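For reference, chains read A, B, C and D in written order, and residue numbers begin at 1 within each chain.
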Amino acid sequence: MNLSTHIGGLALENPVIAASGTFGYGEEYIKAGDVSWFGAVSIKGTTIAPRAGNPPPRTCETPSGLLNSIGLENPGARVVIGQKLPWLARFSVPIIANISAVSCEEFSELAGMFAKSPHVSALEVNVSCPNVKAGGIAFGTSADMCYEATRAVRKAWKGPLIVKLTPNVADMRAIAKAAVEGGADALSLINTLVGMAIDIHSMRPVLGNITGGLSGPAIKPVALRCVWEVSQAVSVPVIGMGGICSATDALEFIMAGASAVAIGTGLLIDPELPRKVTQGIKEYCESRGIESLQEIVGAAWR
Amino acid sequence: MNLSTHIGGLALENPVIAASGTFGYGEEYIKAGDVSWFGAVSIKGTTIAPRAGNPPPRTCETPSGLLNSIGLENPGARVVIGQKLPWLARFSVPIIANISAVSCEEFSELAGMFAKSPHVSALEVNVSCPNVKAGGIAFGTSADMCYEATRAVRKAWKGPLIVKLTPNVADMRAIAKAAVEGGADALSLINTLVGMAIDIHSMRPVLGNITGGLSGPAIKPVALRCVWEVSQAVSVPVIGMGGICSATDALEFIMAGASAVAIGTGLLIDPELPRKVTQGIKEYCESRGIESLQEIVGAAWR
Amino acid sequence: MDLRQIHDVDARIVRLSNIRGNLYSMCLEAPEIARTAKPMQFVNIALGDSTDPLLRRPFSLSGIHPDRGTIGITWAVVGRGTQIMAGWQAGRSVRVLGPLGNGLGIDRLCIDHGLVLVAGGTGIAPLTPLASQALEKEAELQVFYGARSASELLDTGDLGAACMVHLATEDGSVGFGGLVTGLLEARLSAGALGNGRPTVVSCGPKPMLNHVKQICNRHGLPLLVSLEARMACGYGVCQGCVVPRAGGKQGYYRVCTDGPVFRAEDIELGECTG
Amino acid sequence: MDLRQIHDVDARIVRLSNIRGNLYSMCLEAPEIARTAKPMQFVNIALGDSTDPLLRRPFSLSGIHPDRGTIGITWAVVGRGTQIMAGWQAGRSVRVLGPLGNGLGIDRLCIDHGLVLVAGGTGIAPLTPLASQALEKEAELQVFYGARSASELLDTGDLGAACMVHLATEDGSVGFGGLVTGLLEARLSAGALGNGRPTVVSCGPKPMLNHVKQICNRHGLPLLVSLEARMACGYGVCQGCVVPRAGGKQGYYRVCTDGPVFRAEDIELGECTG
């Protein structure tokens, strides 16, 4: 059974990716899980300057979901490129650098910085972070801005370019097409939905940042619909994510049209999930005589 | 403890409303629950012509959520006005007529039809149904179209006018403001999120209609955020809904800025929920010396 | 004016047992439901406080005992909800909404012309209360019951002594060797029912129902079928559980309130889901 | 190269008991965790297969027994997760991720200068393994332990016989009448520690920790505090569980991996959440 797949020029041995922001830079993860079960890992969203992130509380459990308002806490691109990536590279797993910026100039600068690192296999342009004030999600809710941001990165980065989209829009297909026109080789979807929780005892929002991003099984139906829509509307591969906690979940995304899947919240609950999901996909395929993952990508609409 | 509230000119004895589509026209509900616990009831979305609805399967359970693709099955405005409403009126609970259309002309015609019924206390304009091909959600994803639809209804209907919004947009505030400019006296939010599910055994979408509307506790964080945003952006009252299954959930919505709340999916699981929610709100307030519901409307941002 | 006929009861589990394999049954203390329930009605059982799984699960009544104030259900573990229920123990309380659905009573017609029940697999369970009532009212009764093998046949209790029970097993380990529909066809062709025109009531997997329908058409017998569908509410408010109307009629019936028992000619059996 | 120090173990519950009221403790068979765990570390316990509640729940180790291959936790029922756990029974298996957090060992400093533990309420539980190690290594040990009333004091086992345990209850039903911080202040002011400069380790509610910090500042004693925070992952990948750095330093520490034990001067105690 051949699990290999392609993400816009990046070949993966296995379709399971660590979602950005739930794997850090691997330093803690490797103490609890085995990185080699990932086809690739996407690092925590990185900005040019270091960011301290948002005030706590930063997480809140909701029915089958998780709200987070981390706010892109990261040590800045220089430290990531100089220290984090060389360390992570030792595990020989393709590294996807997830980047975030507030302007096209910044996106271009970031892409240029990462282009100089020998350790980056692909860039993932985060035009969908709901937890930062300037930029962030704004790029992902307008087709024009999404196009411009993608183009800016495209000019400074020759390798595989992934654009990560937000579901907080009326028509994802339009944004997806804009990203592809701007030069995206692949699309990641979805980032979190914007949500919040209120503590009825204090009568105040639970999160320090008031709103946060909703992830986990609660959003799986929305994520599947996005993958279904976008994968039929564009010709580049799609990385599907949103609530994947089992091989069954991953298979739903693949059949909806995802060429690879990413696990975010699921990693927080079970560091061994990548192994379980990979093995489960394999067993499913083998029990039905499916010889290659590619046979079932988009099977629900093909 | 005074539970009464106002929804754009409509006075309610109690802030708990039956959400459209989960109460039918009351005929079945009254066999399982007590209608008098509702401050008002919103009837199943009604169109001018009868609609058979979408092919089954029409529902699918998801993590803490429910997908439905009923497709506005209804006997048409004439039957609703001639038979359903007169019957329902005997319970002396204010009736909100939820209406759906594919054009402004149709909206205007529908509003005119309901204006002639003595039994309608308010109109709820559904510009957010994800389960019909033409019209439906399209009106709710464009500020201009939302404005036009609202105006069309406003001209034909003098009573309290509620516009029900969809969360499937990038900026709900803009749409909300357009509805208010168009003449809305109150806003209902949220309708369902568009989602889907895939059966990995048949490799096909579970729902007969492929996509459906996601409701229930899974969407509560998104709904709360919408109520929080919109209630601060407009000066008309907001009816909050999305996943309410307990008094605590209802209180979260009220503190987020809702002047009343509606229960949809929760009614499907527990016909006695309106009583439990009303009593729970009352107990919460009494235990804290809160004398009127109005004291806590929007408490989380005021 | 209390119009409520459907009760949400905190029912104590009097007895819960594993019949065999993935099959379970339980007896619940629910006097309000037991008092008014009719054969072929069902209840909607809440799985607990968690919102995952979210919805209640529907189960036909396999026992109705107004005197004792109890009801029985029999179920197969097929997913998470039925698995959770299998872990319950006698003594605990569960929320049960019911009685739901139209159900079926023994009317003059049945008493005069007799009743033929055709069950496949666990489909026998909901037919048991109907059989009991038929015997009570002294309607003539014949039961056709099939399963994969002898070990999968459910105990039909006193039924065997009181009426004719024709068994079929696919592996031939007991009774007729083959499908229950094969047995039904054989007996009808052999004139087993004489000149009577009994009502046939059938419950079981969809392919079986379809086959029974063809047989009844051929022999000119009226057929009632009990359907299943994915249900969200179970009491008629969501319009989720529909089955297409037959005979060129537009639209749908709701399985939960228009059914679960339908006249076979009223519905498009081929398009039932569930 | 296996770099894993944190194990996700299917741990059998050896014993589970209701200490009193809403307080429970259980002993889990988890040799991989027991072998390497340090005092003040914690584990993250999965609540089951449902996605509601979704996240694991963190609990400090109140017992570490490498010889027997078991660990213990002690918890108060405060919400749905802890309620679910209270319903578990000996014999069942639960998924336990650990050991987590930095923990604390008994080093040269403690042995030479002694150790003072200050616990409030259930905060005594995670300090118990530390106390045991201190006694084993013959470090001088004093324990200050307060609760609302005598009935809320947890059994400190053999501790009382092996070292000085100063009790305080708010209602005066046992020991010092008042808060444990009042007792600590009184004893320090009375010169109870002589000239030594023992390390103080404290665990309990935030207001108590804040008060202990003031007292230690006043008396020039080094203080380590054990913190709690809302945790999503518990093993350092999500950056959800942060506490602000102190002393004008920008940014945050993660309670789960940088802590849960911190030097009091490193963190902004006033702004801890949880």
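Things worth noting here:
Assume a residue touches a chain if its C-beta (ideal position, glycine included) is under 8 Å from a C-beta of that chain, and two chains touch if they have at least 3 such contacts.
Nothing here was measured: the structure is a model prediction, and the numbers come from that model.
Counted as hops between touching chains, the shortest connection from chain C to chain D is 1.
Should one ask which of B-D and B-C has more C-beta pairs in contact, the pair is B-C. With centres defined by CA atoms alone, the chain at the far end from chain D is C. Annotation: 48 Å between the Cα-based centres of chain A and chain C. Between the CA-based centres of chain A and chain D the separation comes to 36 Å, rounded to the whole angstrom. In chain A, the residues that touch at least two other chains are 62-65, 216-218. Multi-chain contact residues of chain D, defined as those touching 2 or more other chains: 51-53. Taken as a contact graph, with one node per protein chain and an edge wherever two chains touch, the assembly is complete, since every chain touches every other chain. Every residue of chain C that touches chain A in the complex is listed here, in rising order: 51-52.
Taken in their complex, chain C has these residues touching chain B: 2-6, 8, 46, 51-56, 95, 97, 229-233, 235-244, 250-252, 257, 271, 273-274. Put simply, chain B touches chain A in their complex at residues 62-65, 67, 141-142, 168-171, 193-198, 200, 203-205, 210-212, 214, 216-222, 224-225, 228, 243, 248, 251-252, 255-256, 284, 296, 299-300. Every residue of chain B that touches chain C in the complex is listed here, in rising order: 21-24, 27-34, 44, 52-53, 55-66, 68, 70, 73, 208, 216-218, 245, 265, 267-272. Those residues of chain C whose C-beta lies close enough to touch chain D in the complex are 49-53, 80.
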